[in-house]
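Residue numbering begins at 1 within each chain, and the chains themselves are lettered A, B, C, D, E, F, G and H in the order written.
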Amino acid sequence: MTTEALRKLLEAVQAGAVSPEEAGAQVLDAMREAPFEDVGFARIDHHRELRQGFPEVILGLGKTPEQIAEISSRIVARGRPLLVTRATPEAAEAVRQRVPEAVYHPLARVITLEQGEIPRGTGTILVACAGTSDLPVAEEAALTASLMGNDVERVYDVGVAGLHRLLSAQDQLRRARVIIVVAGMEGALPSVLAGLVAVPVIAVPTSVGYGASFGGVAALLGMLNSCANGVSVVNIDNGFGAAATASLINHL
Amino acid sequence: MTTEALRKLLEAVQAGAVSPEEAGAQVLDAMREAPFEDVGFARIDHHRELRQGFPEVILGLGKTPEQIAEISSRIVARGRPLLVTRATPEAAEAVRQRVPEAVYHPLARVITLEQGEIPRGTGTILVACAGTSDLPVAEEAALTASLMGNDVERVYDVGVAGLHRLLSAQDQLRRARVIIVVAGMEGALPSVLAGLVAVPVIAVPTSVGYGASFGGVAALLGMLNSCANGVSVVNIDNGFGAAATASLINHL
Amino acid sequence: MTTEALRKLLEAVQAGAVSPEEAGAQVLDAMREAPFEDVGFARIDHHRELRQGFPEVILGLGKTPEQIAEISSRIVARGRPLLVTRATPEAAEAVRQRVPEAVYHPLARVITLEQGEIPRGTGTILVACAGTSDLPVAEEAALTASLMGNDVERVYDVGVAGLHRLLSAQDQLRRARVIIVVAGMEGALPSVLAGLVAVPVIAVPTSVGYGASFGGVAALLGMLNSCANGVSVVNIDNGFGAAATASLINHL
Amino acid sequence: MTTEALRKLLEAVQAGAVSPEEAGAQVLDAMREAPFEDVGFARIDHHRELRQGFPEVILGLGKTPEQIAEISSRIVARGRPLLVTRATPEAAEAVRQRVPEAVYHPLARVITLEQGEIPRGTGTILVACAGTSDLPVAEEAALTASLMGNDVERVYDVGVAGLHRLLSAQDQLRRARVIIVVAGMEGALPSVLAGLVAVPVIAVPTSVGYGASFGGVAALLGMLNSCANGVSVVNIDNGFGAAATASLINHL
Amino acid sequence: MTTEALRKLLEAVQAGAVSPEEAGAQVLDAMREAPFEDVGFARIDHHRELRQGFPEVILGLGKTPEQIAEISSRIVARGRPLLVTRATPEAAEAVRQRVPEAVYHPLARVITLEQGEIPRGTGTILVACAGTSDLPVAEEAALTASLMGNDVERVYDVGVAGLHRLLSAQDQLRRARVIIVVAGMEGALPSVLAGLVAVPVIAVPTSVGYGASFGGVAALLGMLNSCANGVSVVNIDNGFGAAATASLINHL
Amino acid sequence: MTTEALRKLLEAVQAGAVSPEEAGAQVLDAMREAPFEDVGFARIDHHRELRQGFPEVILGLGKTPEQIAEISSRIVARGRPLLVTRATPEAAEAVRQRVPEAVYHPLARVITLEQGEIPRGTGTILVACAGTSDLPVAEEAALTASLMGNDVERVYDVGVAGLHRLLSAQDQLRRARVIIVVAGMEGALPSVLAGLVAVPVIAVPTSVGYGASFGGVAALLGMLNSCANGVSVVNIDNGFGAAATASLINHL
Amino acid sequence: MTTEALRKLLEAVQAGAVSPEEAGAQVLDAMREAPFEDVGFARIDHHRELRQGFPEVILGLGKTPEQIAEISSRIVARGRPLLVTRATPEAAEAVRQRVPEAVYHPLARVITLEQGEIPRGTGTILVACAGTSDLPVAEEAALTASLMGNDVERVYDVGVAGLHRLLSAQDQLRRARVIIVVAGMEGALPSVLAGLVAVPVIAVPTSVGYGASFGGVAALLGMLNSCANGVSVVNIDNGFGAAATASLINHL
Amino acid sequence: MTTEALRKLLEAVQAGAVSPEEAGAQVLDAMREAPFEDVGFARIDHHRELRQGFPEVILGLGKTPEQIAEISSRIVARGRPLLVTRATPEAAEAVRQRVPEAVYHPLARVITLEQGEIPRGTGTILVACAGTSDLPVAEEAALTASLMGNDVERVYDVGVAGLHRLLSAQDQLRRARVIIVVAGMEGALPSVLAGLVAVPVIAVPTSVGYGASFGGVAALLGMLNSCANGVSVVNIDNGFGAAATASLINHL
């Protein structure tokens, strides 16, 4: 209930068109109003689009294929774009039975459906990754950023141990408005890359590695301790989160 | 052996009705008496009901289906309610061959059988959870609390990132006498929720999440460091433990 | 603004006694109203007492003596009881210059002032601890529980390696309505004690120990993994938090 | 050496005005040219300003007062603004002997000197913090953001356990273009706050807390696992890093 | 080569019966002599029996069934008892093809063959465990101790949350010369038990538990921090190691 | 109350010499009897000597000098030997004011007083340590073992990186009945040493080291994972605990 | 572009044989030149051989069989030796369909193809391991070192608990120019071995073990804290990395 | 006792010049001979020089100034060079009272005395560090390498966030035979630097940093997970260890 709507309601009360009881109920209702859809096991947050410009995204992890398909069909039914991350092939199958036009990207483990209008971001989001094994997370980021209305460029396999590969991509780096850097193992790429540019860098550690990589902890710590300016970090393997942040920045 | 029983025995000795030898043996027996049933691989603690108002609950984890079925049938044979947590479908099958009326709840991985009389708790235990993926733990808590003689309400998928979903449930929150809050990832729900109510909150971290959630450690630490009053914490994924504590409180 | 107040306001609008503009402003004000006192570096939450029956408690850690003294004087000025935890002697000195009747308890590192009326809890809160070194935390809990309107009993130095010391205190254990158990090192006391009673046990790990106690982590993990029913846990050394929870339970 | 300069040099060679030997030396010199000032124990990176719009910032930690004073005087001598973080009073004293107009902010442990021209950012950077103990880190962020050419607003002590304090500040939240959220203990504030806005949130965990806060690890993990969109994280207590990132975003 | 053998050899040299060259070769050979059998992938340490009274035991973990069978047949061929721990059914099958009289104990995952003479220990080794899920480790300990020539008693499922179960077994506890205590979860049993007896207690943490048990770390830390005297600890799930130590003590 | 005493009491009841009321009171008293001395902040466990052959030992850590002095004087007053570990010079001073004949060993941080009769152990306890920095812990072990009635030998600075130092001490190793091995850093000495002997080895990790020694964790893990038989482990820096266990073994 | 090449180019400009425009383009091209082959998902670093004497090695972990086969065929097509580590049988199958002469070593999980000329190292690289379970990592090291042009010797199963096995191999140890030591569990072998030789020791912790070995962390920490000189460490299970370092040393 | 010496002795026995008894005693003595000096609290390993070309180095940490001075004077008395690491000013003072010509380097916390002949290494050892705060560790490495007979170059403050600083030092990098790289925070320098050279790189993580650097753990993990070839790692802050390894390599 906006200030304007409240004023009109109160004028109607003054004019006798609406009784105080009914007006009170309306005000209280507005305060209680639940801007979400309750499907029992989930409360789909349709309000999120109002707040953040993109509908609720479904994290597939820990949900059954049926739950994912049910939530997906509700979002699609409202004419909005669909994004499911960490989706298994089984979840994709279940979604496609109810939303046949949905697309499954197996490398990125992502289900997408573009529909409705999404505001376009200003510049380009660059997704860089250190090695071939980082591709699933990098692609999750790239697909998310693209679906959220951004131009996306990719620069892959530019790990710091062969510096010339990164240096040869400097033109691309300088064209970007925001850069997402995906790296496992020692996670040094964000530090080196952020020293070459003047735009925000979102660092995504990956669980790529073995032994003392501890499932991505080594890369995470490396990125948190980056000596370069402009680096902020998201959770291990969270390509989606990096893209959502980058998209917010690119839409400023 | 109570004080009263001891007094009577000693009077019988004085009266010559019982010899000192026999009385001595009785006293020593009472001191040694083992209030449990020894089935070789387990000592079923029937005494627990006397102490805590509910018979021993079987933690299915690490026990074979046969062991679970054997212990279950002993408890049921005494006319007492049955609760097995962390039960696999194989364990449920084995139990039902010996206790056909037992019910298996696959989402909560719990086997139950209501029988005998259980004292009723005073008020309502509310079970809240942050996301759809927390449901197995939330349901373990809700089923346990219900079987232990409590009225149970559920408020699911009210994570803090969409605060209006939680705020819209404030009436339910205020009706509860004890609240169990189940959350994974950053585990922030107990802090926010406990700031809205004046009853004890039992927080249950879940292993829902990935990367730096470290199997529930992030949620656990978040809850232990809660800046809200009235929050205490149980082990990761321990829906049963939260319900047992909540039930004790609700039976005060 | 309660439902009742809203109804009256709307009737006044209908009656022409209040203009719609003014009523609208009042409603919006009520929604915005900040039930706290802003002193620049802190927003003292006077609303907390309405919600939870006790005014905001000051955690001394990380605040300067001047900040603590300023917040203390604001709370005392409203006629409410004062509780500062983790207070250094310097903080106590600063508080007493502005609130001369405040009392400093050096072992518990707590500043208290009893004033105003506090609702009394129903039964007794028992504070048990495993060793002499746990006393500072146990006393923080006992003083907090007492100030919050509860009868408090203490059973100290009853660690599990000399079981007869605990068993000799069983009468006291059985009289309690809630039990706070404070233990460092292996933190086994809550498990053993909870097996002897039928009331909720709040376990407080302490940082007492050395080497592989890791500042209380060993005790914390022991308590979280307790095989006994009815045990919930608060942060390491958090005597205050245990008492606040116990008091909520005892006031049900 | 730019493309243009190279072309001119080569034309001079063709014209015979410059010998090949000399031209070769010039090209190689340009490739070798070190855009930093070597003072023995440090290589002051004057090139950073060209890349990132602000001169090198001095991390005081682990440097002697003399080293800090020497580097400071070199930066000031070039007419550029000075920022030293984690500066002890001794370091401030040493700097002021060589740069008398430098200002020391003891709460934030920061030395600043505004001089020269700094490009202004577009909107406002809001710095929010959860509790009074988070002020040193919050102030480090606010002072850094201000010195880097941004308008700064502060909203302090709005922790999630008293939600009304945060909700009462929603107008300020919505005015901001970037938000820095500083929180210790369970670190839940960024999740809740990011759910209320549509701008990027930079989360800064602090080492405020005790016991299982593990020097800020609990808050760090909470923030990395945030279920809210648009949250990225910097190192524990790294107010400077958050502000540097926020400033980059605000200057896009 | 003993002192006596050396003396005889030198006398033979003096007597001219052995040339200096040959004697030198013998002395050097004795210094180089390798008291093990090299089978390429392993050096079977037959010398161990001389040093420690029992032949080399095979840790099945990380070895192929063929490697285990090959080493087993070499040990059996020398007429010595066989013990393989952490043996899979496949390993047992492979061993039995070459050593048909070997026995596989599936609960304890142990292969045994009693043959040859083993010196008997003095008293009884008691193996106690806290819960049914600890049986695999407890049985590994009990079978090992028995094979190494000790009388073994078992007291199972005597966890501390139902103290009467342990207290009822005090007679057995007092009969033992060494006690092995096996416990998972909070690992409190060794502390309580060691307080009731005056013999050495070898504590074995198990990986039984979930969540914050961290695969046995909680129990391990609990035992290392035991406040009871006479408790020493072996690796998580290392029933064999506890029994080997207990047997050494029982053979003193 | 022994069986014999109980029989005599019951015969007195039968004979009319004792009334049932009085006898009942005596039996109940015996069951309640507290074999400890309550000094308010501590319950001194005089019963421990009956159970374990040595009076309660005072862990100085976390106790005030006054508390230590008070407990010490109670133990000495009963004519028993005194042992305080982790005693500061201040504690030693406080103890000596009340027990002037007590001796302070500053390297080992131990206060001792030999008096009364202590049963002698059978053989020799050898205390070995890896480096000079391990001496405080090694001396705590050696002094404890000696006071508990054992012959003690010392072999110091025999770390594995200079193996000839250890090999030159083999005669001493073979004379021992129990061996305590104290080592920091990588903690490899127990593995190597246990491979050379056939007696139980109690391994004590020390906090000696830096960086990735993590306050003794590296040594602790090394010892828990020892591939040698007969090694059990106590807490980091717990020289006392190792000696108490070794003494129990040596008194078998 | 070398200094010499630059000089010649500039002389050609002076001579009019090359225009300034073209020369400028050549210089800029040389600065931009990308010495790698871009296959979309990977940038194969052919430049690495120029820098380090051996072509890029493929880490199989996290790459699909198709990706591995594609990169392998590119390397082989240039006539260079092939090395794939952590290769699954599926990857080996895929590689052999395109490079039929490639060899798969299942124990070491390595694919190799020797072709082209590799410079020979000076001395012998010795690979030692502590137990049979360490063989996969030891073989990865030995095969890598051999393919990189080094003479390799193996000494396996010489763990420190049976010291005579190691001492009997001293001749081999002394012949080596570099030693790779592979060990799991407590990881003590490098310390002991490095004390016997005067050449660099590269220590490789393995994930062999259970319980508190924490997947190789115990061995890793042991090696990092080695009290012996000349020990440096690589990642857990990183046989390849140890061999690459050893080969660099052996080629000096 | 060498083979040659043994042969001569046995010939003397044959010739009757030495009796078998005496010869036997000599052989046994040689086997027992302890090539170290026992000063009670330490066994100074003079044999180490024979094995490794440099006398025993004293780790000052955990030793008293008196112990350090005593061991120092013994080493100097034998005409050998002295090196004490982690020496406090107090230790330096104590050493200089007994060895007046010893030199204390306060930044590196090292005491040195050059005397006697040390074999020279072949090439140059380069010591690089990432930031000014890493200087103490870098200097410990440089001084150690120099004292051990190596030419040393230093390249300081070349962290990866300002890549041009490192690239400008490529000539120096290429001149080195071994490179020691010292870095804290994210520890990325070794990966980047090793990709530019073809010589072994010894990486030294430092404890420089705060928050999630965890005392050097972030840098340590980064280095262990380096994607560059030829990197091996030593303990956090272990400049000495890196230099000792580098010196061994440089003396090959």
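A few comments on the model shown:
Definition applied: contacts are C-beta pairs under 8 Å (C-beta built on N, C-alpha and C of every residue); 3 or more make two chains touch, one makes a residue touch a chain.
No experiment lies behind these values; they were computed from the predicted model shown.
Any chain that touches chain F and also touches chain G is listed here: E, H. Counted by C-beta pairs in contact, the busier of A-G and A-C is A-G. When the contact pairs of F-G are set against those of B-E, B-D or B-C, over half line up by residue number only for B-D. The most distant chain from chain A is F, comparing centres defined as mean Cα coordinates. Its C-alpha atoms fitted onto chain E, chain B is found rotated by 90°, rounded in steps of 5. Work out the mean CA point of chain C and of chain H, and you get 54 Å between them.
Remark: chain B and chain F have CA centroids separated by 40 Å (rounded to whole angstrom). Spacing of chain A relative to chain D, judged by their CA centroids, is 26 angstrom.
Annotation for chain G: residues touching 2 or more other chains are 48, 131, 162, 195-196, 209, 211-213, 217, 220, 224-225, 229, 235-236.
Interchain contacts (touch definition given at top) occur between A-B, A-C, A-D, A-G, A-H, B-C, B-D, B-E, B-F, C-D, C-E, C-F, D-G, D-H, E-F, E-G, E-H, F-G, F-H, G-H.
Of all residues in chain F, those touching chain B in their complex are 3, 6-7, 10-11, 13-14, 16, 19-21, 23-24, 27-28, 31. Those residues of chain A lying in contact with chain H across their complex are 130-131, 159-163, 185-188, 191-192, 194-196, 209, 211-214, 217-219, 221-229.
The residues of chain H lying in touch with chain F in their complex are 32-36, 40-43, 45, 47-48, 59, 61-63, 67, 86, 205, 207, 215-217, 220, 235-238.
Here chain A touches chain D in the complex through residues 48, 51-53, 57, 122-123, 177, 195-200, 202, 220, 224-225, 229-236, 241-242, 244-245, 248-249, 252, going by the rule given at the top. Residues 131-133, 135, 156-158, 162, 164-165, 168, 184, 208-213 of chain A are the ones that touch chain G when the two sit in their complex.
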